[in-house]
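Paired with subunit B in one complex and with subunit C in the other, subunit A is shared by the two complexes that follow.
Right, the complex of A and B next:
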């Protein structure tokens, strides 16, 4: 019974003209406290009840840097759409970008600073104030810097660009630390290295899919998650049906059909790791048939002499006829373009493979031309060093930590404990006296931190981005907070600035907030001129960027480029190497970055967990894809649990019989297998755990497709959770096609069944 | 004329093709399967715009997921000559909709814009419409779904959150259509301009496979695409007279 006295009772009874009695009384006393329906008497700027306000900012769900517009109502973010003025996204957005709202409103976000109270990994944390947390870190930083021991400070961030990257540089520099690294599992190290070798610069060019007529993709899932999927999709759509005179054709070469493989006109499965050999086989055909007439023709002839069509057919398993046909089409269709990445680049010969792909572009002279490969001008933003750590670099970091050379490690949004295979990274972390994490979520690495200073999400922070690759010209975008911070968190930049201040570095890093730092940075861009910027004041320039969400410089790069003869002479792709003998481990494991969960950082978003995988329609779990014939031989059916064992570990997952994968290869999506990442994420298995530590020889990047495995049935099975329905058309003609072979099998359409119509 | 005859007469008129031509708009969509890559951006965009529930693993396993637009996938052939074809499937907004005739309480009906609409407050959950729908695009709320706080802060205030026992399906983002009409009216325009209103799925489609517009406007992009020789309707033999028109995927043999 609610606590009321006699006087209250009379008041209540008197107040109620209708419902006098116990029921009424109860209702009155247990009803919710009065809430304001309209939250503001004097509303803040840009706020009117019932009317949506849109803010332009930048997506941070992957490294593409799409411009987005966020719709807010009454101070809450409701919907994310692509920013129509942004050259990368052009108003469009992928599923992952849409789901950014669930990063902001995720129920498993860290709501304030925490300090580990028990043993590391025990998961027992106590809330602390920002001052306590910051003091503890800043004191250590100051001490180490004062003793000239700054290099004992490690800074490990996810890939960041623009002024946040510059701030980290400045911070590390002032601390006296050279250990500033970025780590992302799917960073295309081998592509940067291959471009450095071939073009002389370690940058990404712009691939003009939009205007190309024939695309050869060696393993790059450009529509799924390779580099800039939204922009590639725009180009793909236009190339296919956006031109009245021509329809672009797409060829995908990979051992397991990806989304891009399904979209392609032709899907070719070369033996894993031989994609580069195939590229050189095509190059050989082009040169030997006299389709290349450059001055260095003789050099090419000599360099490619070991890649005759028959030899390459033998090595790659691709038919000689196919090689001839593709090479001829590639050279006769103008413009044509070759790209490489994904699984083809994740072998021991990754860089050589991608150099071979670049060679194809060179031989058809598409460099700098519409529909080809276009060099990007220098980014407009702050120049910062490429800090991306390869697998080898991360191993060195771990070794350093084990030697006791790292006193304090500051982590920002990267999760190496989850995404670094057999590196002993966890053991290495144990040797570091103080681990600080700036993550917004309790990822597996953050769970081992001593102090957690949680960051805002990207929808609550100031930032900026200079997309890499650009779109053939230089663009920059500013990201702004679209809602007030939900919790007691701070922007990454602000945390770093505060740490710098408390560590006594404010002479060199005087900014009080990230917004000021970015604004000062943009003042430099403004001062440098370009366009008509000088006609307006900086403030109006700044406001116009915030409003548009993007700023661009229409400066194009001179496409002229001379190929070093030594590159031609050294061109070769060695056969791939695998870990594990083919007798003991008969299958090659093809792990691929999940289309829905990306490298695992999106696994805590319920929309993405519940989004059917594009190829298999499976949700909420892990699976292993096996060729139907192989599955038949092994008597495996969908849902059968199997143990997948490599020389480095063992995991268990249910079978999915996948029609478009080579026999001898099994595939698994990366992304599941979290243990501390929250209620939606903690499920499935992580195939990274069983990958071998083999690397690409030239860069030290992880050769993630170079592990051999064996599979063993467990006799148990589960029901895979996926969308219903038959995966075959059975003559229903639901997806109709034109211009090709008629759909196989008989038609089961209603009008093909003889029925008697009764005349009326 | 008896009352029964009058009802039957009304039905006949209502069901006759061309009945909707006299109204202001006739919304329609084209889906170019030669552009579609199956990326499912449309699926998430719809989920975000229309407050679709997160049903959870158990309900999903029971086949009780709610996705107003989904990607269907069909394998063709065997390795190595194998293809996977995608098709986005959503309410086809049939002008002769089988679901409309069967609803005992007229919870689903055809509005004057050519939209097949669902009145949640009228729905009593017989699920007959879902049985009659040949496209399987009607979704029933078998459970009261909830959003773990603060995920509920994302919910779109322009769209109702449906409760247990109610049928739901794609609305062509009717809230956006209404808003566009209001804006047009405020601007003193009689009609909504082509491209002014786009459902969430069309808006986000990275390959621009989905196009939405007014079929009564011969100059609209969607009207022009409907004249494309590649057009077909799914399950056309059922004479549902759907408003979603697909453009066939081009599969040329190796040149």
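Right, the complex of A and C next:
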């Protein structure tokens, strides 16, 4: 035993203590961490730990109004699918609808009421209570109403339908304000106006893609984002593969190949803005060849005399043979259908173009027939009012604000600062003393608000919808909250009801919650429903709607329709007008609503940001599509940064060399270029900024495809983030296509199309 | 000349002693933690006794853990469920007063988990109940416990699963993906 002196002893004691401590901590760290089991205080009826509960509700990610089923577990939404019982979505859903979860769980959501503390636009907000926020707004509303100055109150909402729209109507009416507007960048104003002109009603008919055999689409990217893409995709699928006897064929006419263009049998690029002229060229061929035998045949002959095949071929750049062939196929294939939208509708002659497209439908007599165009019955819910503001109306609103005619502006989910070009909207907002936003997110417009009263997302609120267009018969759906509110927010309807109450309007708007308001509204539908409906009590009717997620009534419209002679006589499509001279600005800018981000409101959803664009496979950011020939002349390659300059501004984006775009046209997706729309949206550029303020003559809708631009290489380049490798097949035999000639011949039958590998 | 390494080793004795003491301490410390702080029977916010409920009063397990037969998790009863009986039963006992306090404040009881599996184990109660497995097979004789604890017989470890799967010849019961998915 060695001698242990005092020092060694202390050392050993120290070593021992360290050892014991380390041993103790070692086990502590490898121990199973303590977890808690938190029970409910009161267990909800529709909730079982570990078992999913599905709720049927309505998607609000675009204006289509698809029915959705949301899978929830432990009170949290986990997955969104299409509601199989809903006639619009039929169990299917698009990527944007699926990404709705990221609206709910978005980390950039506004979590409670805010008040601007610094200068507008400084971004300094302080949290306030709901009472403080509401009081401040309601007091001003009450004051203005009492002084009969209600018209100095502006209400600017995103497009809403059903009872929320009706609530806004009631609210504006009681305030004494006529300034109630809806504003969506991609609202099809020209289509409504063209239908009003042609059919006498500013509504959307049901386009029966499902049963058609030959579809002519003038610029409508109906598989991407035109009106009701999920329903159209279903129809397209059925048209192509759902029938044993026929494979529906379709032709897409547009200057830049969209997702629908890629799915078409034939893609035709007419000169931008001449799609309507082409439609009339086809009409002329149909009438002059004697394929139309209606009583008004002579009127048509006269009206279309200026659209002979050769003239139209000259004006549109589409070959005379092609015009003849398509016209003949269109008239000989029954049923056939023509639709129009997208860039074709967004020119200075947009309404005339779409009237011409309607004329084609009229001439082949497909109106009211399966596979044609079917009128929808009146929506069963509250009568919809046309509140959609065109570009011109928004300019008037801005002008009004600049004149000092607007004292309060209440914004609901719309973002005109981002999506209104050259309107000076930001300057106009500066003249409004009080701006209130009900947005769930900070965005470019909400950032300028004085008070933000944040709304629930659609997955947390009550609502209802009567889809427009319907599906040929009357349907409606109630949307119900699928989760409890995540934050200190309130449903838009409840905020409006509360404001109404505090502003002393509760005599006319007595409801205490949006749910009550909707339920009362649905009672009317129940009362109208007749004996069949009223066999059950209202409560049971209501529960069955909540359960099914949809209500429908087989009320079909009388397909009879007489065309006013004056419409025929006035039919004409003037040549499109563009901003900027073709010398100084050699290219026509074709801005298209992004398939993934839509008009930009989906840019804050990471799933949509990382979803490759279906045509270019580019992920994130912005790009400008240029024809390879043009790019070759200008010595531009993929990734080269170029400045795109219009008479109204300049933006910078990398080049994407895109074979499926006309030379002389360059295309850019809309949706990126946000500044204050949260962490995920902060990338790319916004082509809306450089659009000219040119409008469609008849509606005042923005002619967003009517801007000329020039491009200038900057000498810098970046790597485009994309999933696609080489766009060529390179003999790998991985993309087998039908041979060029055979597929163009109109006599080609399904079974006789020779499958060949196209050498590239 | 004899060369010896003994002097050199002797010089190392103090250091070796220190190392030995540290190692010994490590073992002692580890043991002490395991013996005195096993963590297998934590003190609960309310000293709920399974012995009284499931043992003496013979309340069936699934009277409270209602989800076990239809869900992956057995479910903990809601506070209202407890109050269903304790509005009337044993209302004056201190633990029940605690319960009443939670109820009146509409607060949930923050129970500490004892029987827990890691997240990479996919276990479902529903299937095991359907196969007629007694709760006690995995959870131990809870009806005898005043304070719930892990037992050596049912330690919630992989061996327990595998033994049983082997014994009962569960189809694919030994496949990794049956549980780890």
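The rule we apply is simple: the second predicted complex is superposed on the first by the 693 of 760 C-alpha atoms of A that agree within 3 Å, B and C clash if a C-alpha of one lies under 4 Å from a C-alpha of the other, contacts with A are read in each partner's own complex, and residues count from 1 in each chain.
Please note the rule applied: a residue touches a chain if its C-beta (ideal position, glycine included) is under 8 Å from a C-beta of that chain, and two chains touch if they have at least 3 such contacts.
Everything numeric in this text was worked out from a predicted model, so none of it was measured.
Applying the stated contact rule after C-alpha superposition, one finds that A:265 touches subunit B and leaves subunit C untouched. Of the two partner chains placed around the shared chain by superposition, subunit B is the only one that A:728 touches, whereas subunit C remains out of contact.
Within the superposed three-chain model, A:81 lies in touch with subunit B and out of touch with subunit C [touch as defined at top]. In the superposed model, A:51 makes contact with subunit C only, not with subunit B. Here subunit B and subunit C are compared by how many residues of subunit A each touches, and B touches more.
In the superposition on chain A, contact of A:659 is made with subunit B only, not with subunit C. Shared contact residues of subunit A, touching subunit B in one structure and subunit C in the other, are absent. The residues of subunit B lying in touch with subunit A in their complex are 32-35, 37-41, 43-45, 47-49, 54-55, 57, 60-61, 63, 65, 70-80, 82-87, 136, 148-157, 200, 203-209, 230, 232, 234-235, 237-238, 246-255. Contacts from subunit A toward subunit B in the complex involve residues 73-74, 76-82, 91-99, 101-102, 104-107, 223-224, 229-230, 233-234, 236-238, 240-242, 247, 249, 257, 259-260, 262-263, 265-267, 269, 325, 329, 486, 595-596, 606-608, 610-612, 614-615, 617, 619-621, 627-629, 659-663, 679, 683, 719, 721, 723-725, 727-729, 732, 734-741, 743-744, 749-751.
Across the interface of their complex, subunit A is touched by residues 13-14, 17-19, 21-34, 37, 39, 42, 67, 70-73, 75-81, 102-103, 106-113, 116, 124-125 of subunit C.
Subunit A makes touch with subunit C in their complex at residues 2, 8, 11-12, 15-28, 31-32, 34-43, 48-51.
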